[in-house]
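The data blocks that follow each hold one structure.
Heads up, the next two complexes both have subunit A, just with different partners, subunit B and then subunit C.
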Partner chain A sequence: MSALDLKDVRKVYGDGDQKVVALDNVSLSVADNEMLFIMGPSGSGKTTLLTVAGGLLQATSGSVVVGGTDISGFDGRELAAFRRDRIGFVFQAVNLVPFLTARENLLLVRQFGGGKIDTDARDRADSLLTDLGLADRAGNLPSQLSGGQQQRVAIGRALMNEPPLVLVDEPTSSLDSELGQQVMELLTKEIKSRGLAAVVVTHDDRILDFADRIVQIVDGKLTSDSSDNSSASPSGR
Partner chain B sequence: MRRQAGRFVLLTGAIALLVLLLGFFQTVSSALTSGITGGLLNNQADLLVYSDKARLNPAASVLAPDAASRVSDVDGVERAAGVGRGQFADQSADGDVTVIGLDDLAFGGPAKVATGRRATKPGEALASSPDLSSSDVSYAVGDTLTLEGVDLVVVGTSDGAAFDVGPTMYVSFEDLQTMKSNDAGVQVPALFSWVAVELADGVDSDTVVAQIDDLGVPASSDTTTAAPASASLASTGFEAVDRSAAADALPGVDQITQSFNILYLLLFIVVTIVTGVFFLILTVQKRDSLVLMRALGASRADVIKPILIEVVLVVLVGSVLGTAVAAGLLEIAKDSFGTLDPITAALSVVLILLLGIVSSFASVRRVLQVDPVEAARRRGAS
Partner chain C sequence: MSIALKELWRQPQRFLPVWVALTLLVVLLVILAGFLDGLSRSQTGPYRAYDGDVFVLSDDANLQVQRSRVSADALTDQGLDDVADVGFLDAAFTVAAVEGTATGNTSSDNSDDGTNLQDVALYGYSMSSSVLPHAPDAGEVVVDKQLTRQIDVEVGDRLVLGPSAEPMTVAAIVDDLSAGAPTLWVNGDEWRRLVGTINPALLPPSGQHLALIAQPGADIKASTVVEQVDQIDGLEAADVADMIGALSVVQQQNATFTAIIGVTFVVSLLVVALFFALITLEQTRLYAVFKALGATTRELLTGISVQAVVLTLIALAVGMAISAVLVAALPPTLPVRVLPTRLLEVAVGLLVTSVIGGLLTARRLLRIDPASSIG
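Let's look at the complex of A and B:
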């Protein structure tokens, strides 16, 4: 069973003359424990692909199966529960709740759907923050953290509910080279050590070494699939 | 949350101040209207019977001496007694005193006596207790006063028993007649202002009221021999009402009630707007966070519930705090303003709480409009 299976997925915005095809019959499969990178120019449909896979948008047609569950017919409430339990998101921009501390940002996702913050949740948040090198910043607000530290908190939050699939949008876009490498090393380590699958959308060539596989998308169509990423560095594995 | 604590404290304080103001308004309003209506509302009588030409104004009502006996003959009436009314100057206290003359000193006066006892004979008076409306002129048990040549000694006091926003003396009808005659310089006819009625147990008030109203104008009046001119005034039909209706119909009550109702309405509107705008601004400011939470899997209930809890907490704490401070301050100044009515205060808190929840609808609507996909579409540093 794959972590993610997209089959003939189309996403069309608007209608008539205003119709825009964001995804054009995209079929894609991501295996467990695989890090798939999606590359493409601006407006190529990368983020749309990510949002459809993560249940933030419903495909116009085609099927989206995550961990064996077809979410194509889910309603808003079912999609919210699906995102809460099955997906870990790391967004490019709005990523942390500014009035919550790093630790509270991790615990936040445990409260959704009537969940309680118990000792297990607190231990897991502390453990993740320690793994991410943020144990001493647990009580800091996002504004008191650097860009790299904020991304690390977002990664921790994405892993908090132990989702089988992590979706990452432009994780290094606001970081310099060195910080970008550090964040990617950490992300890869956490994903791989937990045996999770991840889809990373990026146009940053400097981090391609961390990919198990790279697919290109142009005008909503997948144009190439590099299943043998020969340039992958050891640190990316 | 910690960054918003200051704002929540400010809103709670603002609501507390508005509720404090509301508490004062309600108490002052109650004291003012009590100064007008207390004598009727806290009366022993179940019904009051006026002349049908008086339009429920006790000052304009004139009834013949046989009015009480005619009313007492109605089925369901346990007891009926004539009551007269006048207003005289107390030269020593430099103030006016309303005098209620009771044909039966045991019936027609205040239902409860606060200190001392009721008057039992001419020369004695039961005085209304001092309140906001009569703080300049007040009487206590043992005080003496002379009204139009009639010496009175205060033998008791009663709370909320005033008429005409001033001190009120419940005396014998005989003393009242003497005062009126001394004031006029001639013997005036003994005419009542109203008849106080006690209903028999278990009778229907409306039925008795209808029977009294149907008594109509008597064929002849007993007063014709004593004072023919006044007899025609007294030869009228009856209009019976219960205490509450009688109090509501008193001149000035409606105007005071309406004025204060407008103030209450304004305060409730201000509370609603302040709370609604505060939470709307907060929601707009938190929009990015709400988008993120929805994207991460928060249901609509997950993001709406905290807003409603915050509204309820802030409004409840603010209104309880305001009520507590108002009650404390009014307790200190109870001689001037009276005390806060706990039932009115509790109802106000409940109403403000409901309005607070209503005011949060705009915020909730905003939250419901949040599209979680925006989290993925936004660009830039977090």
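Let's look at the complex of A and C:
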């Protein structure tokens, strides 16, 4: 069973003369424990692909199956529960909640859907922060953290609910080269050590070595698929 | 919910404007409600003096005591078993002053301009109540506290009443029983004698009074006596609440203040609604992230409602404390009366309007697209 299966997915915005085809019959499969990178120029549809895969937008047609669950017919409430339980998001702008500490930002996802913060949740948050090298920063607000530390908190939040699929949007866009490499090493380590699948959207050529596979998207269509990229890893994976 | 509370706690400056506005609105509501009850109280003392009893008037008087004429034995002839006692009430307006100080024009307050004559309402009565003592002897008068606030008078002092300056000795001072003016209470014979010197045209014919007071027997409800008396030809009965409600001055005051208070509640609702609409606009991205992470619109609305309730509770506490200080600082002649039940109404009303104001952001929250958290 694949972590993500997209089959003939089409996403169209507007209608008539205003119609824009953002995804044009895209079919894609991401295996468990695979890191798939999606590259493409601005407006090519890579972010739309990410939002459809993550249940943030419904496809106009085609099927979206995540971890064996077809979400194509889900309503808004079902999609919210699906995102909460099955998807981890790492946003381009980090998007930490400014008035919550690093630890509380991780626990945030456990509070939605009537969830409670129990001892297990606290232990998991502490364990993740330790793994991410932020144990001594657990009580700090985002404004008291560096950009790299904020990105690490965002990674921890994405992993908090142990999702089978993590979606990452431009993880290094606001980081310098060195910090970008560090964040990607950490993200890869956390994803791989947990056997998760990840889809990473990026413009950044410097981090392509972390991909297991790279696909290109242009005008809403997948144009190429580099299926063996592991030998290029600078980190020796 | 805890997320909403943490935002309140850690970013209080964000909520300061709406909190200040709500606190000021609480002060306004409490003061307005205080005037509403104070003004009503200042017009209705003689009715409240017979709380629990039944007023009996002629049926053509529309429950207005001044228009009524009732035979003194209108009830005693009927053999009403549920009535334990019957008294009467007569009323007229005049002026009074402490003996030897009556100078200048009349005034409703004790100003320092040399004016010592006070407008007063003079009541003749026969039946004591929980407020009124037995009717005083001839030459004696019972005065209410409102008069003592306006002129310096004590038990044993001598007052002069009316244009002929009839001398009367203060026999007792009772709770504030104002009827638009301080009230003086004398026995029935004394009332007829005094009104005869003030304005004989006001005197009801001999053997008649303006109103009778029927005291229900033990375990008998006032409404039962009202029903029985209403069966008697030529009479109309009402309990104290209905008598007060029939006063046109009270009706006008209630209507005016209720309208002002209602508008204030609407303003409160708009303040809260506009504030949370702005907050939602300002935090659209954050709410989109919440939705992307699995929050439902209902959860976000609950958070906003919790913030509205907590802000309102704090505003109520601070606003009522400020109101208490302000009311204490007002001159005693201003008719402000703060009732616990009215405070409760203000609190519940403001909480409800705040929650509704917060919930008006629902449409805006519903429109936030979780996909906007990406890109």
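Here is the rule we go by: the second predicted complex is superposed on the first by the 231 of 237 C-alpha atoms of A that agree within 3 Å, B and C clash if a C-alpha of one lies under 4 Å from a C-alpha of the other, contacts with A are read in each partner's own complex, and residues count from 1 in each chain.
By definition in this document, a contact is a pair of C-beta atoms (placed from the backbone, for glycine too) under 8 Å apart; a residue touches a chain by one contact, two chains touch by 3 or more.
It should be emphasised that the depicted structure is a prediction, and the values quoted were computed from it without experimental measurement.
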item	value
Fit or clash - subunit C, subunit B, common subunit A	clash
Partner chain in contact with A:95 - subunit B first, subunit C second, else both or neither	both
More subunit A residues in contact - subunit B or subunit C	B
Which superposed partner A:218 touches (first subunit B, second subunit C, both, neither)	neither
First, second, both or neither for A:57, with subunit B first and subunit C second	both
Partner chain in contact with A:135 - subunit B first, subunit C second, else both or neither	neither
Contacts of A:12 with subunit B and subunit C, given as first, second, both or neither	neither
First (subunit B), second (subunit C), both or neither touched by A:77	both
Partner chain(s) touched by A:179 [first = subunit B, second = subunit C, both, neither]	neither
First, second, both or neither for A:147, with subunit B first and subunit C second	first
Overlapping contact positions on subunit A, where the subunit C interface meets the subunit B interface	47, 50-51, 54, 56-57, 77, 80-81, 83-85, 89, 91-93, 95, 97-100, 108-109, 111-113, 141, 157, 169
Complex contact set, residues of subunit B against subunit A	1-4, 286, 288-289, 291-300, 302, 372-382
Complex contact set, residues of subunit A against subunit C	47, 50-51, 54, 56-57, 77, 80-81, 83-85, 89, 91-93, 95, 97-100, 104, 108-109, 111-113, 141, 157, 169
Touch list for subunit A against partner subunit B, complex	47, 50-51, 54, 56-57, 76-77, 80-85, 87, 89, 91-100, 108-109, 111-113, 141-142, 147, 150, 154, 157, 169, 174
In the complex, subunit C residues that touch subunit A	2-3, 6-7, 10-11, 285-286, 289-296, 299, 369-371, 373-375
